[in-house]
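Shared between the two complexes below is chain A, which pairs with chain B and chain C, respectively.
On to the complex of A and B.
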């Protein structure tokens, strides 16, 4: 379980996170939803210790983040971090050198799953295919938790479908996933838990299926209530 | 396996209902193997935990059964199978009756109309 407890973050005088708390379970897909600029990416950065927080605590399986934790958790940022002149195969090699938890079999499977050609240069890929390579590099790690920042933004509908298919496949099975998004539409049926973020605070944390079962509300219904009132 | 899910009813119940319909019209035969939870999730584009929940619900209702290390199968119990058909039928008729009652139409006239429409549709489909 990833526990985010009362975290606060300031950039200069500007308070981005004002005491954010939520949990994300293993084996579940947790979706952080909020408009642009409410602090979603900052939360992911904070979980990965890519940015220091001013207050609060983050626990992963009950322990604070340390060096070893990075073999347990991975972050897939919204833009690929590999050098553009690398071929896909070289990027995979690069990851293999850095992570002991790199799983070559899974990487090869993902190549097929996304119909990518490992000899293609990253700079020559379309936006959708670049996003797929980015996901491949993260998902091929044998980690318990995967954080994804906006995996669907700016991607055509068919590529989105292909990416959404990953979530129902064994490639994600039993892992804990946190994804951020501001468009929930096509993944509404895929997610377990929703955390609504607004203005640096969690406005609501709920289980999507429970909202449907107990209140007859879709995720978007609940969002409308929270944001428009 | 293609089903249009709505966003407001619990997804697992929509899956259970889908199975009931297929059982009622005989598309899923008694004793037939059904897809694994993972396969179902993938085909229906739903969360695997939800697929798991739907199967659990169907097991509890006796619609499917699972023997150790084997894929789940549709029940062969005649009573359960008969009940599924009846349940769907009664439910559909109830909905119909509720909505038609407000129009206050004599039952004979209604039945004639139902007969006409129902058989008429049959011809069209055939």
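On to the complex of A and C.
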């Protein structure tokens, strides 16, 4: 389980996160939702120790993040994390070199799934294909937790569909996923848990399935209630 | 250790093109220098001896023999060295900043590797060292080849033969990069390593605290310089020459080591706790 406890983050004098707390379980897809600039990306960066927090604590399976935790959790940011001059095959080789949890079979499967050519240079790829390579590099790691930042942003409809299909496949099964997205429509039916963030705080945390069954409300309905009133 | 070596290999491959270009420029420009400098002297000798009919002995009395030193003192020889120094100095900054800038944020990947983040620091500093030693080694290989070509062009009676060691020791610029003794090598390159580690720490302070980090980096650099030269200042102004030169030398070595360890520790702390993507 990923536990985010009362985290606070300031940029200069501006407090972006004012005590955010939530948990994300293994085997569940947790979606962080909020308007632009509420600190969704900052939360993911903080979980991966890519930005320091001013207060609070983050635990992964009960422990603070250590170097070996990166064999257990991965982050797929909204920009590719490999050098543009690399070919896809070279990027895969890099991952294989450094991560013992790299799963070559799964990488090959994802290559086929996304219809990518491993000899293509990253710099020559379209935005959609670059996002797919980014996903491939993250999902081919045998990790327990995957964090994804806006995997659908600025991507064409067909690529979005392909990426959404990943969530229903065995590629995600049994993993804990935290995802931030604006395009809630693409994955609304796949989300287990929703964490609504506004003004640096968690305004609501709920189970999407329960809201649907008990209150007859979709995620968008609940969002409307919270944000518009 | 394995991850450190993999990172060094990876970092060096990233700079390989620039490295080869610097080697190529050094080779071509210095070779042209040997050719043109020797030709200039030969043209002058030919004109004086065969056109102006100046006797050979008189020519040598008037203009003297040519030594390899003249080639080494020319811009043909020194400009590529200056370019290499500038290239390495530039790359000290680029090696960090290239991972942050642009839409391909490679720093995310580096910081998420399942290895201690100090390995990134060690790999980058090792790359700078390997690059520097590579360029120096290439210069050491080039020198005898250049002298051989020079000797082939200038006839022996017009040539003032100087040993390569003599050439290097009589040029302060050259003896800095090609030290005369092991002790000097350790001192010069140790000081270089220390300077690069302090610069790296300054860069990491900037990357961690942005504007405030620039001031912190400058302050850290200034403090490091003051700490390093404090024994010399004390010796001169307070202790009135209390230490023997060898004692002062040892104190300076210890000061250098303390600063190196402090820079590595601070860089490790910043990479682990304060760095921001």
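General observations
Just so it is clear, the second predicted complex is superposed on the first by the 229 of 229 C-alpha atoms of A that agree within 3 Å, B and C clash if a C-alpha of one lies under 4 Å from a C-alpha of the other, contacts with A are read in each partner's own complex, and residues count from 1 in each chain.
FYI, a contact is a pair of C-beta atoms (placed from the backbone, for glycine too) under 8 Å apart; a residue touches a chain by one contact, two chains touch by 3 or more.
Keep in mind the model is a prediction, meaning the values are calculated, not measured.
In the three-chain model built by superposing on chain A, chain B fits alongside chain C with no clash. Of the two partner chains placed around the shared chain by superposition, chain C is the only one that A:68 touches, whereas chain B remains out of contact. Of the two partner chains, chain B is the only one touched by A:190; chain C is not. Once the two complexes are overlaid on the shared chain, A:104 sits clear of chain B and of chain C alike. Of the two partner chains placed by the overlay, neither chain B nor chain C lies in contact with A:54. The three-chain arrangement built by superposing both structures on chain A places chain B and chain C 160° apart around the Cα centre of chain A, to the nearest 10. Figure legend note: chain B and chain C, brought together by superposition on chain A, show a least Cα distance of 29 Å. Comparing the two complexes, no residue of chain A contacts chain B in one case and chain C in the other.
Considering their complex, residues 5, 7-13, 38, 41-42, 44-50, 53 of chain B touch chain A.
On chain C, the positions that touch chain A within their shared complex are 3, 6, 10, 14, 102-106, 108-109, 111-117, 208, 272-277. Considering their complex, residues 45, 48-52, 67-71, 74-75, 77, 79-84, 94, 97-100, 122 of chain A touch chain C. Here chain A touches chain B in the complex through residues 27-29, 164-165, 167-170, 173, 188-192, 209, 212-213, 216-221, going by the rule given at the top.
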